[in-house]
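Both complexes shown next keep chain A, but they swap its partner, so chain B is in the first and chain C is in the second.
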Partner chain A sequence: MTVWRKLLRHRLGAVGLAMLAVAVLVAIFAAVIAPYDPYENVRVSIDDIYQSPSPQHLLGTDDAGKDVFSGLVYGARVSLLVGFAGAFISLIVGGVIGLVAGFKGGRLGNGLMRFTDFFLVIPELALQIVIVAIIGQSLRNIILVIGLLGWTTSARLVRAQTLSVRARKFVERARAVGASDLYILRRHIFPQVVPLMLANAVLTISLAILAESTLAFIGLGDPTVISWGQMLNFAFTRGAVSAGAWWALVAPGLAIVWVVLGVTLLGNALEDLLNPRRGRHFLEPEPAMPAEETVGPAAERGAPAVLAVQDLAVEFVVAGARMRAVDGTTFSVRKGEALGLVGESGSGKTTAMLAALRLLPPGGEVVGGSVLLGGQNVFALTADELRDVRWTRMAMVFQGAMNALNPVRTVEDQIVEAISLHDPDLSKSAAQERAAHLLEVMGIDADRGSEYPHQFSGGMRQRAMIALALACDPDVIVADEPTTALDVMIQAQILELLKKLQRELGMALVLITHDLGVVAESCDRVVVMYGGIVAEQGTVEEVYSDPQHPYTKLLMEAFPDMEDPDRPLVSIPGLPPRLDRLPPGCRFAPRCPAAFDRCQVERPPSYVLSPGREASCFLLESRQVVGV
Partner chain B sequence: MRGRLVLRKLGWALVTLVVVATFNFMLFRVLPGDPAKAGLRDPRLNQEAVEAARIRFGLDKPVFVNLEGGSPFDSQFFRYIGSLAEGDLGTSYAFNNRAVSDLLGRALVNTIWLVLPAQILAIVLGVVMGLVAAWKRGTAIDVGSLLFALFMWALPTFFLAILLLFFGGRWLGLPTGGRVTLGATYESGWEQAVDILRHLLLPTIGFALVLIGEYLLVMRSSVMEVFGEDYIQTAKAKGLSTIQIIRKHAFRNAMLPIVTLIALNLGFTVSGAIQVETVFSWPGLGKLTVDAVSQRDYPVLQGTFLLLAVAVIVANLIAELVYLRLDPRVTEV
Partner chain C sequence: MSEGAAVVRPVTEPVVILDDVAVSFARGRRLVDVFRRRPGSVVQAVDGVSLELRPGEVLAIVGESGCGKTTTANLIMGLLRPSRGRVIVDGQDLAGLAESDRRRRRRRMQMVFQDPYESLNPRMTVGEIVAEPLQVHRATATRGESETLVLQALERAGLRPAERFLAVRPVELSGGQRQRVVIASALVLEPQVIIADEPVSMLDVSIRADILNLLASLATKQDIAIVMITHDMSTVAAFSDRVAVMYLGRVVETGPSRQVLTSPRHPYTQALVSVVPVPHPSRRRPPLVLVGETPDPSRIPPGCRFHPRCPVAFARCPQVDPPLFDVGGGQKAACLLVGG
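What follows is the complex of A and B.
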C-alpha cells in the first residue's frame, strides 16, 4: 500500500482524508453525538423558533424549533449515503460502458461514445429536476437518478485508459496466444485501469453529494429524511433571512462544504500521486550566476575564439542532492571552425552548451567558470543584455525538432519573429523576405512557410529549425544531435547542408553528437567528453589517427575503420558513471584498462600536448608541453 | 479538408438536436402519469372534460406512427415535431395559459443578462489567476490560488448565493431579489438601468465566483504543461522575454483546453443559473424551471428543457468552431 503511505505524507491529501473520516464517524455515531433526536415529534411553541446559539442549542434552532446541530449530525447520513451509493452506480455504469467502448472499439465502441457525447450536452441538473419531479422524491429515486445521470466522465476516462492499455505489448501477446476477452480483461485491463480510476471515483462522490444537496435545496429532497440541502431549503423559504437567523443558513451550508472539500482535497491528492505531472518548466527564474569574471587563456590563444568555455562547472539539484554534470570543462571554437562535441549520453555535452546560453533546465545551476561569446562573459550579462546576445551571437538547433517549433504558429512566422526581435527597424516585409530566403537556402519551398510545423516531414522540420537558427546571422550555431530520429538519407542531406552553410557563411559550428562518423565527416576539431570533463581534444585528424586518452582509444576501437574494415570492433566494458556516484579520482578509472593507483584518488588535470591538443590522463604527464 | 470538418460538426449538432427533441418528447410520455391528467389535476373535472382536454392536447392520437388510417404522420410525435418547427411549444398549464414560447423568450433574455457577464468575469479572472499561479509555481501565490479554487469548487452554488444574499443585503444594502424594485417609478431610463444593475450585482458576483474555480484549475495545469514544452525553450533561446514568451507562445496554446472547458461547462452553467435564480428570485430560465416543477407545468418544463439543451448544443458548436480556428492541427473529428 504505497499509495496509502504517500497519501498520508501529501499534506492536503491527509487533511482531506481526515475531514472525510470525521464526517463518516459523525454519520455512524449520529445517535450518540446528537443531543436531540430530530426525527422525534415534539411540541414547539413560537418562542422555540430560530433561537440563536446557546449552551442548550449549540447552533441554535430552526424554523420548527428543532436543534440545528442535531439536524447536521443526522444529515451527514443522507449526504454520505447518497454520495457513496450514487457514485457507486455512476462508476459501475460508466465503467462498463467505457470498458466495452475501449476494449471492443469499432462500431460498438464508436456508438457508445456518441451516446456518451449526447449525454454531455443535456443540462444535468435540469434533467435531474424533471425526472425526480415526475417519478417522485424518495431517497431511492434520488440515488438512482444521480447515479444513472452521472456516469459520463467515468465512461470517457475508462475508455481512454482501456484503449491505451489494450495497445500495449503484453495485451497483444495475450491475444495472440488466444486468451479469451474475459481473461484479458480480468488479468490485464482491470489491474491497469482500476487504480487510475481512484481519483475519478472520489470526484464522482463529491459531485453526487453536491447534486443531492442541490436537489434538496430546490425542494426535491426526500421529505421523510433530514438532509443538509433540505435544512437550507426550509430555512431559506421559511423566513430565516428576514429573521436574521444566520446559523440556520450557515451551519448546513458549511457542513456540505466540509464534506465536499474533504473529498475534493483527497481526490486532488490522489490525482497528484497517481498521475504525476512532468516537472519541466522553462520559465522558472534563473539561479544566481557565479560572480567571478575570469578571462581565461582560451580566449587569448591563437585566432580569436567566438565561443570560449572556461572551467565551466554545472550542478543539478535533484531531490535535494547536488550532482555535478559538468566539471571544469574548457574548450573553444574559432570563427569558421566546426567543432564536434562527442560523448555518451550523460557526459555533459548538451548541458555545457545549454549553460553557455543560460538555458539550463530547472534544477540546473552554473557553479563556476565562464563562457565568453565574442569576448563577453555570458554569465556577467544583465537579463536585457542576455536577450540581445541570444540568437545573434549563438543560436541552437535543439535535439528533437519535432516539438521545438510552436505547433499553432506558421513556420515563417516563427522565423520572422526572431528576425524582427533582434532587428526591430527592419520592415515586416523585409523580415518576411529574409525568412523566405532562409527557407529556400535550406531547400524548402518558400510558399510552404505559411504552413504549420505538423504539415512538415521530420527532415523538413529539422531544416526549418536550421533556417530559424540562421535567422539572425549568428557567430556560432550549436546543433544538438541534428540527425537522430531521421532516416539515413535525410541525415546525410542535413549534414551536407550544415557543412555547406558553415563554410559559406563563415560561422562557427558546434555539433553535439555521439556519432564519431558524423564528426569525422563534418568537423575540423573534436572535443571528447566523459562524465562531465573533457577527456581529450584536438583536430579530428590528430585525435582519430593518434588518440591519447585511454577512453578515446577505446572509442576509436569501437568505431569501424574505413581503411581497415577487418579490424575487430571492441566495445568498452562497464557503464558511464552515474552523476550521483562519481568516482573520487579520474572519472574513467573504473573502466580504464590502464588505470593505476593514482587514478583512483586524484583527478588528472588537462595536459597540453601541443597547441590546441589536450588530454586528461596521468599517463601523459611527462609529455605535456610547458609554456604554451 | 477543414471545410468538410466544419460541415461534419454542423451535421453532428443537427443530429444531436433531433435526438434531444425526440428524447424530450419521450421523457414526458414514458415516465408515469398521463401528462394531461397530471396537468389537469383538479378533482372537479369529470371524465368528459378530461377527454376534451386529451383531444385538445392531441393525446388521443397514436404516440409515434399513425397506423390506424389517415396519414402515418398524424401522431403525437410528428405533431410535436411539426409544432416545434413552427416555434409553437404549446400552452402553459399554470401561468394563465400563456404560450410557452412567450414565457421562455422573456426568461431567456433575463438569464442571458445574468449568465453572460458572470461567465466573462469568471473566464477572465480564472484565466489570469491560473496563468499567474502556474507561472509562480510552488510559491504562496500558487498554493493560495489552488486552495481558493478547490474551496470554490466545494462550495454549493445555492449556498454561496444565500451567503451573498444574507450578508450583501444586510451589510451593503443591495437588493436581494427580482430584476427591478417592485413598484418603483423612474425619472429616466438611466435610473432604471442603475436599478437593474444593482439587482444584477449580487447574483453576478455569486455566479462568477462559482465558475471561477474550475477555469483557474484548468488554466493552471494547462499553462504548466505548456511551460514544459520544447518550443518554449526555443522561444527563450531566441531571446524573447518571459512576458513575450507567455503572450506569443504559451497563452494561445494554454487556452485550448479552456475553450473546450467553456463548452463542456455549459451544462454546469445551466445548473448554476437554476440555483442562483432561485435564490435571488431572478425571473430567468432557471427560476422558470423550478416554478414549473412545483406547479407540475409539463409544457413549460418540456419547453425549458428543450431550450436549455439547444443552448448548450449551439454553444458547443461555437466552441468547436473556435477551437478549429485556434488549433491548426485538428484535421479530423
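What follows is the complex of A and C.
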C-alpha cells in the first residue's frame, strides 16, 4: 500500500503509470473506441488507400484503405498481450532458475548460471528470427519465443537477491529452528525477492513489446493479427514512403514509443522505490554557519584545547521532519589528553564528531555552535582549507573501519597515498619510508605492508587503519568504537597501542565508545552523552568514583564489573529518547528515578561543579560554582 | 542405552553430553595449493571437547574467534555431526538417530542469535515470527492453540501485555524488545536447551542486564539449560554457573564461573581475565596482553596449543599436549604447570 502511494508521489513513475494505463484501457475498450473494425473485410476502392487525416479518418488510412486510428487501437491489444505474456514467461523461467541457483548454490547453482551466461551471449534477436521462421509465425509462437529468450536478466537479478537474503540472519535463525528449504524459500526468501522481480518485470514488458514490434516489422509477425510492428511493416513495404503517407508510419511508431516509454518510466520508478541503493557515501554539506572567528573559553585551563566543541547543534532532516541529534554540546580536548565520549546508541556521540570533521551524512546539518580546531573554526573553512585540515590536524578512525580499506590495493600503497595527498612535495620513497615506519609503530612488520587487506586479520586491519589515520601526523585522532567486533585480546592490544601513541606522540585522542570499562582504562577525561546533550563530564576519576547525574549513576550500575560479580546489575527502565520525539524538559526525565515536576517541563542547564566538571541536572543547582 | 526407549532421568542428569568430540572441515585446495603441489588443509575446528550441560544451568563458553565455540554450539544443536566422539542428548546418542528424529530433537534446542536487528524478518509481524517454530514443526493443531502458545511465550519473554505485540513489526521495536522477540520464538517450543550466541553484545549497556536477567531466570525458574557463547568475561562472572574457556578447538579451563574467574589457573584464562576493562580508574592494573593472534586452526602447534603465545611456557610445553587436570572444587585446567 505504501509503495503504491510512494509511486503516485514519484513524478515520473506516476506519469509512466498513467501512460501505461491509457494503453491498457484503449486495448480493453478497443471495440468501443475504434470507429471501424480493422478485422472486417470491406471492399476498398483505390481512392481509399493512404487518405490523409480527415474527420472520418483521424489518422488517415493505410495501404489497404483501412482506418489507421482503429488499427492503432486494436494493435494495442496485440502489443500489450505479447508484452505481458512474454514477460510473464520470462519471469517464471528466470525466477525459478534464479531462485534455485541462488538458494541451492553448489554445482547445481553454478551449472544453472553457466546455462544463463550461455543464453546471455546469444544474440537474442537473431535467434528469435530463426526460431520464428522455423516454427511458424503465429502469435502464440512469438510470445513463447520472446518469453523463453528474455529471462536471463531476471535470472541473474533473482539469484543475486536470493544469495543476499539467504545470507541474512533471520534465514539462519529459521534454519536453526528446523525449517525446511521449501518453507524458508516460501516464507523468507520469496517475499524479499518479489519486489525486485516486480520492477524487473515491468522493464521486461517493454523489452517484449519492442521485440514483437521488431519481429513484425521485419515481416515475421503473425499475419492474421494487427500489431503496431505489423502496421509499420505494411506501410513501409507497401509504398507509404513514396506515397508521402507519413501518418501510416508515424502513428504506429509513436504508439510503440508511448507504451515503451510509459513502461520504462514506471519500471525505473519501481526500481527506485523497491531497490534502494545501499552504501551511501558521506557528503560534505556546505558550511552552514557564518564565519565567526571566536576563540572561546576553551583555552581556559593549562594547555590550550586542540579541539573545542562549543554549543554544537546538529539536525537531521528525515522525511521532511527536523530532528535534533546533537543539542548544545560543549567539550574540549587538550594536547596529549585522552577523552572518552560515552553514550548509548542515538546519544549523538558519533554525530557530534562527524559534524566536527564536517562529514555528516546526507540530511545532516550543523545548525548552531562552533568547532575550533587549533583555534580555527572548522565551519568557517572553505572546501580547500577543509581538505588541508582534515587528516593533517584531525583524523578519524571510523566504526567498522577495518572493512574500509580498499581491497584491491596494498596496505602500504593506501598509506602512501594519504601521505602524498597532503604533502605532495614529499618524494615517493620518503613517503614509503614513512608508511613502513607507521606500520611498524602499529606492530605490523614493514614487509607485510605490500600485502592486500584480505591477507590481514581483523586486528591487523584495524591497526593498519590507525596507521592510516596517523599518516599525516594529526593533532587529534578520533576513534569511533575502535575495538568493537574485535576479540578481547586484540581489543586490549589496540587500546594499549592507542595509549602508547598518545603518550609518545602527544596527540589528543577522542575515543567514542559505549564501553565504560574501556574509558576507565584508557582515558583521562570523560564526556557522558544522552539524547544529544552532555549529561556529565569531568575527569575519569571524578566521574567514576562520584557520578553526579542520575543517568551516569545508573549507567555505572548497569555495567558489569568482573571484580564485583555479586553486585546486581540494573537496567535503566524505558528506552533512550527517539530523536523525533524528544521530551520537552530534561532528556532523561522519562527514565529518571529522581525526576520531579520541573524536569518534565524545563531543560536543565549544565552546572559547573568544579573547573572542568559539569553535569546537567536540576538536583545540582545548589552545588553550582559561580565564577570559574 | 537402548534406543527409542523412554529414559526417565533424575533432575541432575545432564541433558546434553559432549564426549570427546572432534569436528574437522576440509578446506578446499586453493589454486595456490595446486601450483605448489600442496594438499588442501584440514581445519580442526573442535578437537576433543567434553562438556556436560544440566537442566537449569547456565554454561558460558568463552574464547576468541576461531576457538571453536560456535562449532561447539552447532554440535549441541545437532546441526553438525562430530567426526569423532559422541553427542548424547537426553541419554540418546545423536549419531544413532534418523534424520527425522534429529529434527524432532531440534525442537528442544533453540538458539538466540547475536544481532536482534538482523535475525528478525522485517516483513513479518511479531506474532508470525513467534508462531513460526510452531508452524515449522507442525506443533499445534489449531490457530487458537497456536495463538495461546505465542501469547504465553511473549509473556515469558517479558513482552507484556503480549496482545499488544502480536501485530507489531520488528522496525517498531527497540533492540532490547527485538531480542525478547527472538527469545520468545525460542521459548514457544518449550525447549530444554537455549543456546545464546553473544545475546547482548549488540544492545545498549543500559538494557543488557534485562536480557541477561531474563535468560538467567529462564534457567533457574523453568529448568532450561542455557549455553551462553560470549567473549565478555564480566557477564560470565555475573550470569553463568559454569564456564568453559576454549582455545583453538580445546577446552583449556573449566569450572564454576566465580572460581575460575577469581583464581584462573590456565595462563590463557589469566590473560583473558586480566584484559577485561574494569569500570573503575582507581583499580587500573597492568593487563597481561598476549602478543600475536590465535593461530590458524589448520596449523595447530604441537604439544600444548597455547605454548607459542604463553608467557610462562617451558621446555616440555611444545612436547606434551596437556589433558585437563583437576585442581579441586570442580575446576580443571589443561596446563602442565597445574598438574604435570
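As a convention for this text, the second predicted complex is superposed on the first by the 501 of 628 C-alpha atoms of A that agree within 3 Å, B and C clash if a C-alpha of one lies under 4 Å from a C-alpha of the other, contacts with A are read in each partner's own complex, and residues count from 1 in each chain.
Assume a residue touches a chain if its C-beta (ideal position, glycine included) is under 8 Å from a C-beta of that chain, and two chains touch if they have at least 3 such contacts.
Keep in mind it's a predicted model, so treat the numbers as computed, not measured.
Peer 1: Could you let me know whether more residues of chain A are touched by chain B or by chain C?
Peer 2: Looking at chain B versus chain C, the one contacting more residues of chain A is B.
Peer 1: State whether A:Val488 touches chain B only (first), chain C only (second), both chains, or neither.
Peer 2: In the superposition, A:Val488 contacts chain C only.
Peer 1: Between chain B and chain C, whom does A:Leu144 touch in the aligned arrangement: first, second, both, or neither?
Peer 2: Neither partner.
Peer 1: For A:Leu582, using the defined touch cut-off, is the partner it touches chain B, chain C, both, or neither? Pick first, second, both or neither.
Peer 2: The answer is neither, since A:Leu582 touches no partner chain.
Peer 1: Answer with first, second, both or neither: which of chain B and chain C does A:Ala18 touch in the superposed model?
Peer 2: Neither partner.
Peer 1: What is the contact status of A:Tyr183 with respect to chain B (first) and chain C (second): first, second, both, or neither?
Peer 2: It touches chain C, and chain B stays clear.
Peer 1: Touch test for A:Met323: chain B only (first), chain C only (second), both, or neither?
Peer 2: Neither partner.
Peer 1: Have a look at where A:Val130 lands relative to chain B and chain C in the superposition and call it first, second, both or neither.
Peer 2: The answer is first: A:Val130 touches chain B but not chain C.
Peer 1: Indicate the residue numbers of chain A shared between its chain B interface and its chain C interface, in ascending order.
Peer 2: Touching chain B in the first complex and chain C in the second, no residue of chain A appears in both lists.
Peer 1: In their complex, what parts of chain A are in touch with chain C?
Peer 2: Chain A residues touching chain C: 168-170, 172-174, 176-180, 183, 187-188, 191-192, 344-345, 457-460, 487-493, 495-496, 514-518, 520-521, 540-541, 544-545, 554-556, 558-563, 565, 569-572, 575-576.
Peer 1: Which residues, counting only chain A, touch chain B once they are in their complex?
Peer 2: Interface residues on chain A, with respect to chain B: 117-118, 120-127, 129-131, 133-135, 206, 210, 213-214, 217-220, 229, 232, 236, 241, 244, 246, 249-250, 253, 256-257, 260-261, 264-265, 268, 277-284, 357, 359, 383, 387-392, 395-396, 398, 400, 402-409, 417-418, 421-422, 452, 454, 468.
Peer 1: Of all residues in chain B, which touch chain A in the complex?
Peer 2: So the residues of chain B touching chain A come out as 16, 19-20, 23, 27-28, 31-33, 135, 137, 150-151, 153-159, 162-163, 165-166, 169-170, 176, 221, 224-225, 227-242, 244-246, 248-250, 252-253, 264, 266-268, 270-271, 274-275, 278-279, 289-290, 293-294, 296, 301, 304-305, 308-309, 312-313, 316, 326-329.
Peer 1: Write out the stretch or stretches of chain C touching chain A in their complex.
Peer 2: Against chain A, the touching part of chain C is residues 64-65, 77, 79, 103, 106-107, 110-111, 113, 115, 118-121, 123-124, 132-133, 135-137, 174-176, 182, 185, 189, 204-210, 212-213, 231-235, 237-238, 257-258, 261, 271-273, 275-284, 287, 289-291, 293-294.
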